[in-house]
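The next part holds the structures, each set out as structure tokens.
Two complexes, one shared chain (chain A), two partners (chain B, chain C).
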Partner chain A sequence: MFASKRLSKELSKLHDKLPPGITLIKADDFTEWLMDIRVIDSNPLYQDEVYRLKFVFSQTYPIEAPEVVFVKDEDHPIPWHPHVYSNGIICLDLLDRQGWSPVHNVESVCVSLQSMLTSNTKQERPPGDEHFVKHNKQRPKDINFVFHDNQV
Partner chain B sequence: MPPGNEYAAEQLKSQGNTHFKNGDYGSAETLYSQAIQKNSKNPLLFTNRANARLKLEKWEEVIDDCLRSVELLKENMKAYFYLAQAQIAINHPNEALSSALMAYDLCTRSAQQTSNAATISALVLKCKKAKWDIRERDRIRRRADLLADLEASLEVTYKKDVSDIESRIEAGDVGKVEGAEEKGERRRDWEKRRDDLRTAFALSDPENLGKREVPDFLVDGITFEIMHDPVVTKNGRSYERATLIEHLKRNPTDPLTREPLTIAELRPNISLKDACTEFMEENKGWVYDCEDGEVDHDTRWAHLSSL
Partner chain C sequence: MKVTIKEWNAVAAWRWDMPDDDVCGICRNPYDSTCSKCKFPGDECPLLLGECNHTFHMHCIFSWLRQESSQEKCPMCRQPFKSKSQEAPAQGTQAQDPDTTATPA
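Entry: the complex of A and B
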């Protein structure tokens, strides 16, 4: 109901100023945006790489969470992380039904993902990645992730 | 009322509803009218017809229907909601605002705390903006009148000076060259005064003042809009009532702390509400300059008609 209004306000703020390492790539409408993130601290896992995030908003945003995934193309790999599947699906409490809060926004999600990568040291995929990537047909937010640990 | 009429009216009403859903508002209106002939005591028949007539832009008739519906049922949120829309359409923003506030009040007091609150809240803002627009138009007109009056009197003084000089030239008191110089001076003098006057008016125009930004403490953290009915949570943060309720219906936790939070625990934040109202009054219309166009009106009304 208020998604487009809220997103247009977010957009004007994003044009104004963004935290370091976060770039707005595409926001032509209020259904799908692309954002790029970079890890600022020197973490050898993410050196010199830029990751592309796709945000998909429903009419009920920000009451409901946006769908956020990493997208892979020639210039943008999927970052290594024990909570990021190799198809770009992210398992983060912030983005699921229970963990989302309407006070979050595109920028705060980017910052959270950026810091999730910054603090990671494991060059790993979630357990069962291969099977999940092959068989999953669900939308990311409908997946009932089991959070393996809360430290990462 | 002969027995069976109430049933007949119900039948006609549901046929009307079907036409309404299909977008055939004219047939819906006719069927509701027939239903009213069978049973003129059902307030819902009047509000349903009002909704159809809203679509048909028969504003005066919408108002009649709403008032008749209110006569039959006093606490009638839908009637006030449609009434406000018709009143705003015929450019009666004061009446529209009181109707919209009435609808909002009934909505927040109702047990269901339905999602209509957000829709009605938007209508309240729209009425406030319409009311402000009219006031602002009058103000600009008055200003323009005053400016025109002052400019005209400057011009009168200038012309009088010029004709004085001309008569002195004619009488031989001053030479032609000197006279022409004096006239040129008067003219420059007049033009400068006129420009100063225009500058003074331009400077005093609030349009040209300050940076237009709503302070963060008046802005709802969920919609990013200035609040009109803020409620405070246990941790002291305030949100717009309608949007926070939307969140709590899905997830009964505080948006910031994630502690359990229920609708019953919310309290109105009256001082903040006053601060928001005052800010809107002082900063006039630009606060409301939000993108109304993107909201799909049809879907917003649609869920109301299914009440």
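Entry: the complex of A and C
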């Protein structure tokens, strides 16, 4: 109930107005939403591409962070980034247990990810991507990421 | 002419002393409304002001602080969240009065 009340508020705000480059795709219930993000500034890495984000909310959202991953399909690739694994899992302190704060919301997470991409210049995956993608069975929020750097 | 008032009814409204359109950052409900779990605003669902001057519904900030991952920090500024004690200003005025200033033992 905690989550649904807060999410219904967020939803009506998202229907009303969204920041440029961010689109609400699907929010049929209060457990899983899809959002699309696009990099607005000209960055050759992300030109003409749209990325799809899946948000999964627990009952205790926003006390607990949502699980946020990029999803891949025919029209939506996984963006290049040294903190984004090729299976769509994102390593961002904001989404981690230690970095989340309940004042964040779906919109602020989208904007943060958008700016994370905007400022990136490296066409890279995180170190150990291949091994991680092959062997990881954990849910993103249970993974203990080691934050290698705070530069990107 | 003499008027005798036989009966009168008074009506009062209350609100928290907070900016009009402000909402609790955790539940996004107005401060004058309740947290997401309560039905009646007021004493049953009070606000809590932190030393950092950030305010939340008491129930909202408590459910956050109970989480280990909160590290007992304010969701807004990430400083350690301590509720601003109501007695703090009173102590301040006492200190100005030499007669009541306590001397440390």
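Some observations on this one:
Just so we're on the same page, the second predicted complex is superposed on the first by the 151 of 152 C-alpha atoms of A that agree within 3 Å, B and C clash if a C-alpha of one lies under 4 Å from a C-alpha of the other, contacts with A are read in each partner's own complex, and residues count from 1 in each chain.
Keep this in mind: a residue touches a chain if its C-beta (ideal position, glycine included) is under 8 Å from a C-beta of that chain, and two chains touch if they have at least 3 such contacts.
For clarity, every value in this text was computed on a predicted model and none was experimentally measured.
Superimposing the complexes on chain A yields a three-chain arrangement in which chain B and chain C clash. By the touch criterion defined above, A:F30 reaches chain B but does not reach chain C. Contact with both chain B and chain C is seen for A:I63 once the two complexes are overlaid on the shared chain.
Of the two partner chains placed by the overlay, neither chain B nor chain C lies in contact with A:H15.
Within the superposed three-chain model, A:R139 lies out of touch with both chain B and chain C [touch as defined at top].
Shared interface residues of chain A, touching chain B in one complex and chain C in the other, are 1-2, 5-6, 9-10, 60, 62-64, 97-98, 100-103.
The residues of chain A lying in touch with chain B in their complex are 1-2, 4-6, 8-10, 30, 60, 62-64, 97-98, 100-103.
Partner chain A is touched in their complex by these residues of chain B: 115, 118-119, 221-225, 243, 246-247, 250-251, 253, 255-256, 258, 290-291, 294-295, 300. Residue ranges on chain C touching chain A, taken from their complex, read 25-29, 36-37, 60, 63-64, 67, 69, 71, 75-76, 78.
Of all the residues in chain A, the ones that touch chain C in their complex are 1-2, 5-6, 9-10, 60, 62-64, 97-98, 100-103, 105.
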